[in-house]
Amino acid sequence: MELPAIVVNFKTYGQVDGDKTLELARICEEVAKETGKSLIVCPPMVELSRIAKEVSIPVFAQNVDLWDGSVQTGATTLSEIKAAGAQGLLINHSECRRKLADIEFLIKGAKDLGLTTIVCSNNVETSKASAVMGPDFVAMEPPELIGGDISVTSADPGIVEDTVKAIKGLAPGVKVLTGAGVKTKKDVEMAIELGTFGVLLASGVVKAKDPKEVLLSLAEGC
Amino acid sequence: MELPAIVVNFKTYGQVDGDKTLELARICEEVAKETGKSLIVCPPMVELSRIAKEVSIPVFAQNVDLWDGSVQTGATTLSEIKAAGAQGLLINHSECRRKLADIEFLIKGAKDLGLTTIVCSNNVETSKASAVMGPDFVAMEPPELIGGDISVTSADPGIVEDTVKAIKGLAPGVKVLTGAGVKTKKDVEMAIELGTFGVLLASGVVKAKDPKEVLLSLAEGC
Amino acid sequence: MELPAIVVNFKTYGQVDGDKTLELARICEEVAKETGKSLIVCPPMVELSRIAKEVSIPVFAQNVDLWDGSVQTGATTLSEIKAAGAQGLLINHSECRRKLADIEFLIKGAKDLGLTTIVCSNNVETSKASAVMGPDFVAMEPPELIGGDISVTSADPGIVEDTVKAIKGLAPGVKVLTGAGVKTKKDVEMAIELGTFGVLLASGVVKAKDPKEVLLSLAEGC
Amino acid sequence: MELPAIVVNFKTYGQVDGDKTLELARICEEVAKETGKSLIVCPPMVELSRIAKEVSIPVFAQNVDLWDGSVQTGATTLSEIKAAGAQGLLINHSECRRKLADIEFLIKGAKDLGLTTIVCSNNVETSKASAVMGPDFVAMEPPELIGGDISVTSADPGIVEDTVKAIKGLAPGVKVLTGAGVKTKKDVEMAIELGTFGVLLASGVVKAKDPKEVLLSLAEGC
């Protein structure tokens, strides 16, 4: 995953059901090609394999349930994510929080399979806790700003700086991403200025009238 | 969904990761075409959309999390399942049990979207409870027999008969499927003889050395 | 449990922490003695054993996690509830919904220990499902009315009647309680008139300025 | 909480239902008085308030669900634990694992109420993650050794040393406790020698034929 990166989480927005998932993934791919910047897409779980076959930019899973191939129904294993063609995954997103022990277990399992891990966190303390377990990235997203109109970089730049500083001290190999409320070129610029390696965003792109326009603007900020 | 039916749950078996999911789904499709019998496949969640595009037999989801398009990450909505091309879904499988209130909510939501529902249950009492909430099917599977070598139709035919009888009394429109340990033509024959409309199985096919051979034999039992 | 009954759920309201739990339980006991009516208290889980030792009216648990004495930390078993001196328990309250299979398991286990079960439900369909599993009581509480100012008997008397009628048809031995928004003598009278055997309430008593006055009024409605 | 300490988790063992909880808590109290050593008891949740009233040694909760007094049924809040008379609590025990975000939230909330926190962890990585969130204690317990006959101090002394060392580097104010398989005086001695401040144990005491004898021996090891 090249840096800085724009990670687009499609969530379960009705705007990206079925074929519309593919449309948006293709737009992300176009913007990546046109601008040379690094874009990653996280499609709905049921579209993961299909999207990974259809686009050339990295595809990440929004979630995972289990490390190995232990027999379950309706759950998703790391092996399935890998076999589906994904290059990485989100762990512990605000909307699917995980147990501490499971986060550690999944980070280790993902590493064994060569999958890149982005662990989401909600404040400085949980960011530190996430970082010392050794994921590739920590994406700090204050829950009260997720889905809103003000970027964390404007609403609370201090929390981003504190997170970057704390993680540098405790786990220097782990990179920080900025999440929550990211919508504009300026938000991306500030995220990078504050010492993070990119942004994780959702509604700003998925719910935009013209997602391509938004993505082009975000890419300019990188 | 034509009856009697053979519903093949791929679970998360390592045997059916990635492209191997497609291979097994194609084998099921072949057997359906060659025998004229009704086969349904339930692929891993991340392969759902891909498989629904690739095979002509009905594809069901193994699970669902939410009814409507409310915004979540890593969860799966009924709308996504529908948009992915699935025709129905399992609810409350032994390996992903659901809350009572959620089962009812999901049955209603699936009906609104025209998705066929198979609610799994573990004994006569929970089969009755499932049936009175109005799904299309109840698949009774004693958990201790799931994944084993003895079919419920041999181990405990009485529990199948009792379930069929109880549901006939309380919710005559709901059909029963037989699950747990089903592996042979004879198991399917007995399932139908006991008054059920088909079988739900997993390991008997997925872990078979020659899945096609097993499926052809099961189809003969219909 | 004598009928009709007034079941007071203390929930986790700050008003009833620690010694204040005992105060309210004693008030309920006084009202029961003074009026000769049947009152049941459901104190916070950590106060259960203490309250059961201190008051003579029936004490019910708000919740339970496990049937038998299997080894867990921080969970509550049916055996512990029984040993603490409780006479029964709520299962599947709106604020701690249970899996279908667990509800059935807990009903059966409670019966084996001689504990009275009140299964909470949210609409006619889940009430039917709860009833066919054989608890002693089903308490129907539309979630949108819980904690509010309008009793379900005023807001939607039809849903209470439909529940009573449906359960009479499917599981005649199971009695219905009325919950959600109950606060006055008139609410209790209507609950009984609609064919239910009492009320389950919380905020109407716990948050009242003068809980004794409210309880005396409710008791008059019985 | 005086150190070194012996923390006795009663779990939900049938041996300590109801009045038997009080018997064992009294034995712990006797041993504390007779030996002058620090013993802490964690009774079943439903006995918490009663035991806190009956014994003079510190009582800890085995678990907690919520920080503040938000309205729930069947859950346990930090305020209730405090009001019940407990001095602290276990968080994230192997048998009731918590989400990362909730652990952080509960540590902070407990601190605000003056409750001592022991966060359980399962390996060096999760111990580090727990420690950087600032609890009073981290109790490292490899799950495969919990309830067994070999103490972690014998089976894997290196993991205890590594945990102590890692936490000293990252969060020097946080103290480590040793858990899993602790049963004898020698286990306690080794736990202290390895740099931890006491032990967390359950079956070794609760299931002992003569708990007092075991406790006296453990106290000698302090």
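In order of appearance the chains are A, B, C and D, and numbering begins at 1 in each one.
Assume contacts are C-beta pairs under 8 Å (C-beta built on N, C-alpha and C of every residue); 3 or more make two chains touch, one makes a residue touch a chain.
Bear in mind the structure is a predicted one, so any value in this text is a computation, not a measurement.
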item	value
Those chains which touch subunit D and also touch subunit A	none
Subunit B and subunit C, separation of their C-alpha mean positions in angstrom	37
Centre-of-Cα separation between subunit B and subunit A, whole angstrom	33
Chain centre separation in whole Å, for subunit D relative to subunit B (CA means)	44
Residues of subunit A touching at least two other chains	none
In contact (per the touch rule at the top): chain pairs	A-B, A-D, B-C, C-D
Complex contact set, residues of subunit B against subunit C	92, 97-104, 108, 121-123, 125-126, 128-130, 132-134, 170
Subunit C partner contacts - residues on subunit D that touch it in the complex	9, 11-14, 17-21, 42, 44-50, 53, 61-63, 66, 69-77, 79-86, 90, 93-96, 147, 202-203
